[in-house]
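Next come the structures, one after another.
Both of the next two complexes hold chain A, though its partner changes from chain B to chain C.
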Partner chain A sequence: MLLNLNRMGPGRYVLYGIGVLTALFLLLPVAFIAALSFGSSQWLQFPPPGWTLKWYAAIFNDPRWVESIWTSVKVAFTVMVLSIALGLPAAFALVRGKFPGRTLLHAFFISPMIVPVIILAIALYVFVLKFGLNGTFIAFVAAHLIVALPFSVICIVNSLEGFDESTEKAAIVCGATKAEAIFRVTLPAIRLGIFSAALFSFLASWDEVVLGIFMASPTLQTLPVRMWTTLRQDLTPVIASVSTLLIALTIVIMIITAFLRRRYAR
Partner chain B sequence: MSAQAPLVNIRNLVKHFGSVAAVDDVSLQVGEGEFLTFLGSSGSGKTTTLFIVAGFEDPTAGDVEIDGRSVLSVKPNERNIGMVFQRYTLFPHMTVAQNVGFPLMVRRRSKAEIDKAVKEMLDLVQLGAYAGRKPSELSGGQQQRVALARALVYKPRILLMDEPLAALDKRLREDIQQEIRRIHRELGVTILYVTHDQEEALRMSDRIAVFSHGKIAQIGSGADLYERPADAFVAGFIGNSNFLQGSVVQSQQDQVAVRLDDGTVIRGNTRHPLAANARVRLMIRPERLALAPSNDQVDQSLDVTLSDTTYLGDMLQHEVVTAWQQRITVRTNDRAAASSAGNALKLHFASTDVMVFEDGNRATA
Partner chain C sequence: MFEAISNNPYRNLRAPRVGLRRLRPALPALIFLFVFMVVPLSSLLLLSVTKPETGLGNYISLLGDATYARVLLNTFIIAALVTLVTLVIAYPVAWLLAILPSRVSQIFFAIILLSMWTNLLARTYGWMVLLQRTGVINRALMGVGLIDQPLPLINNLAGVTIGMTYIMLPYVILPLHATISGIDPAIMQAAAITGAKPRQIFWHVMLPLSLPGIGAGCMMVFVMALGYYVTPALLGGTSNMMLAEMIAQQVQSLLNWGLGSAAAFILLAVTLVFYAIYVRAIGLGRVR
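Take a look at the complex of A and B:
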């Protein structure tokens, strides 16, 4: 190999240094927030004068925080389910279908990723107002589904393209009906793609804030929206502990994903 | 083939994809227990014909009968036909045993019955020790053997195989060919096999159907195709061959005399009566040619010049050139015929080894 670390001599310590600095650059804000969330200072002093869990207690003692967490979970979960329910058949049509305009349709399904979120938000806001749906659960789910669906379609299309249709045909000659072949062979074979689609859809909704601000009402807010509105009033360490909880959840999800991928990777 | 009614009867099958005629009036019968191979170049309609038999494609016209009944209205999962595909089609999330048991599972057989049949089948393909493995932990050859076991576990009377060994290397391919032949003998299952490898076709089949542009150019045993090809296409497709151009001097039943462009007259055989002066092509197999010194008196011969000799171990292959600069390949194990390049020689052959065909428009492969 041309770039062999061990053959580079002292120069390699420069590389190590750059690596460490990059990692610090990426991780410091996270570590900083985590440290502040356990700090006793009301004013987010750093380094913290003492350590406490009271900001975490504050979250769970404030029904508005708990409610917004619960709202976020419900919205994200519903979005995840619908995103698979719609993304799966769409992906089959896009991969297996033989109709004119297939590539155009594919591009159309991906387009919410390209359109600036703020434009989506305004358009949706007008639409939702017209039907009197603003501030409802349905509006949240619909808005988040729009940003989640492209992730779902991309993940499932990719895995379906990697799946040889002959395998499904083989199941059919073996005596399986078309439905049996799809449920017992095709779907299990692309389960990693479906799993990724579900995960990305959940996360797309879970940390979405722009659309959320437009869809929210004083009584129905997702967690990121609640964080945003709280921040606008005052900067409290509770925000730091909510952030830390969010980061912890993301890390847990990533660990589970890595574990499942390793286990099911072929 | 037996005289009794055929197991599979394909009648005037036609399949169009848009303006392309993938299958163009194919008719053939397959006897119970027969090993029939579709041989042909890429795009000649072999897979399409097989897929129509399996039920994955509907024919534009024609019929497929199994046991005297049309199966066109029967769904592919109800035809009770086994199939092995060119590509690896094991179910990736199931173990080898679950793969082989799958056809019985969808038939709602009892667990005990499935376990017993799976074991039997894995023993048949000599993979008993691999029951618990995932397909990704098997070699290509092992995967195709498992696919074979899966296709046979429900005891279909007909097994379709679409180039099952195309992705394997030559050594492995020959091993599995042996194995397929053994299984064919042991089970007596009727096999429709697709390949574009003529050696494989000759080695395995009872009969071979040569496909060309969606039609069957000829169907017969390997010896039929090699010794009595129906036309220049089949002659060129099966085995090695030399072609010469000429015109008919005289033709009587299957005997024909042909004048080559330099005036030499050669006697040969034909399957169809030929008109005098018709343009024809003569075909002679390289191993039916012999070389002699140019001053020898031989019955039927052509003056040539030796251009190159290749040592093939069991044989010598000579390239010779005619007076009008056409190259001809000669294979012989007569080492005495060896001579140095540039020498004048006589090429001789029996008239029974010269096959004469009408000079049709069909290109040779």
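Take a look at the complex of A and C:
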């Protein structure tokens, strides 16, 4: 009765009300930024006095924005590749290995998710300053890889646990070498896990702000760092248009993942 | 004889290896995390007890000085407040999602995912613009006639609470929804048949049964909120600075590395204590 809408009585209207308000609350900033980015008011008047695309043009006419987008793409892509390269073998060891301290190792691999990112950030900040690596591509990749790796390990471990190892052994019995069996049987079977690992690693790097703030130099900034430094100065509408592009990207990724999930669910 | 061995179809099927050799594939990741996480964190710990001078001076001044102690207290108050507000909103929403027809709840889940996956700075920027003195919210409230003067909604406790609640909501709604959907309706029917009123069923049956989800969600939000940096820095004020902001300020602007690292380790210790309680209560399996 409390878990059945039709038999719940008038109480359900309270739930409906809270539900609708929460949905509006969750949508409010997202929809608002999108509307604002097309508004012509420099002072963020709402509703805007007119409509324009000039804030989008401003992004692409400013080499600093374009450069930061490009830096973000390069860093995130490198992080994604390295995260799979390190995470995939690690996941194999975690799932199939029978060595002492396996649970501990698993906990260690996901520990970057638990340590507050500000602590990682200042620890790395002091560390890279010592080696003169601040503001370098390597520093960004290393920092972002720390927070991306747990996603990669978790995704691949999950899908590998769902894969029956005897299928791989069957391939070996049929004459495949160990490597052939892994590359032609096991990896294709867990490809959805690897794909999610790559996606989450890319996004973890792409959205990372705090580590970026501490790794950046005036000459090398990722997109979130550029947004952060701009936001600290003023609330220019250019941020709204950058944000809207990011929201559009989020929606595209959501549609792709929903589509893939549906395809693989069959 | 040799031919017989090489024709053996089982030749590639080695006996399962036991021992540390199976650890080898994990080595690259292990070494990476060791060099870029364990070493920097350890040297930070070292800094906290050696700079400016050897000893526990940094920790003593952090816990003894009224200014720093207030930052610590603020951090706990804000984290607790955000957790409470988030729970109060998330519970009815998770409940509603558990009983709505799946067509409708799917739309709601899409909204949750959209807000969760939108860039953190984009969301925070949205709130900065919405909440400012001349922002839409103040204008709307004045337009309706609820207030005469714009409310101070940003650079204070209200701003941080709204911004952080917004970010944390999905992290409570999702686990709570899983718990509530898992409750067997027959248990509540049994309570109803034996004469319990809906209110009694809620307080004595449904709420206790959803405690695991409440615990998991709240603990997660509380721990995340303790160490949050970006949103408090942009929506909060100087008078309610949180620990993460203070750490960043000490290290980056004031070059007070010793004190900053000591504060970082206090935050880490507190986080790990709460995390240990969480794992104890819920089990490591659920955390993954």
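We adopt the following convention: the second predicted complex is superposed on the first by the 246 of 266 C-alpha atoms of A that agree within 3 Å, B and C clash if a C-alpha of one lies under 4 Å from a C-alpha of the other, contacts with A are read in each partner's own complex, and residues count from 1 in each chain.
Here, a contact is a pair of C-beta atoms (placed from the backbone, for glycine too) under 8 Å apart; a residue touches a chain by one contact, two chains touch by 3 or more.
Quick caveat: nothing in here was measured; it's all calculated off a predicted structure.
Enquirer: Go through the superposed model and pick first if A:188 touches only chain B, second if only chain C, both, or neither.
Expert: The answer is first: A:188 touches chain B but not chain C.
Enquirer: Is A:138 in contact with chain B, with chain C, with both, or with neither (first, second, both, neither)?
Expert: neither
Enquirer: Look at the residues of chain A and decide whether chain B or chain C touches more of them.
Expert: C
Enquirer: Could you look at A:99 and tell me whether it touches chain B, chain C, both or neither (first, second, both, neither)?
Expert: The answer is second: A:99 touches chain C but not chain B.
Enquirer: Report for A:177: first if it touches chain B alone, second if chain C alone, otherwise both or neither.
Expert: In the superposition, A:177 touches chain B and chain C alike.
Enquirer: Output check: A:169 vs chain B and chain C. Expected answer is one of first, second, both, neither. What do you get?
Expert: A:169: touches chain B and chain C.
Enquirer: Shared contact residues on chain A for chain B and chain C?
Expert: Correct list for chain A: 169, 172-178.
Enquirer: Quick check: in the complex, which residue numbers of chain C touch chain A?
Expert: 9-10, 12-13, 16, 18-20, 22-26, 28-30, 32-33, 36-37, 39-41, 43-44, 47, 89, 92-93, 95-100, 108, 110-115, 117-130, 132, 136, 166, 169, 180, 183, 185, 188-189, 192, 198, 201-202, 206, 223, 226-230, 234, 244, 247-248, 251-252, 257, 260-261, 264, 267-268, 271-272, 275, 284, 288
Enquirer: If you look only at chain A, which of its residues touch chain C in the complex?
Expert: Its residues touching chain C are 1-5, 8-9, 11, 14-16, 18-19, 22-23, 25-30, 32-33, 36, 44, 46, 85-87, 89-90, 92-94, 96-99, 103, 105, 107-112, 114-127, 142-143, 145-146, 149, 153-154, 157-158, 169, 172-178, 181, 203, 207, 209-210, 213-214, 224, 227-228, 231-232, 235, 239-240, 242-243, 246-247, 250-251, 253-254.
Enquirer: Which of the residues in chain B end up touching chain A in this complex?
Expert: That would be residues 54, 56, 75-83, 85-93, 102-103, 106-107, 134, 136, 147, 150-151, 154, 160 of chain B.
Enquirer: Write out the stretch or stretches of chain A touching chain B in their complex.
Expert: These residues of chain A touch chain B: 164, 166-167, 169-178, 180, 184-185, 188-189, 191, 264, 266.
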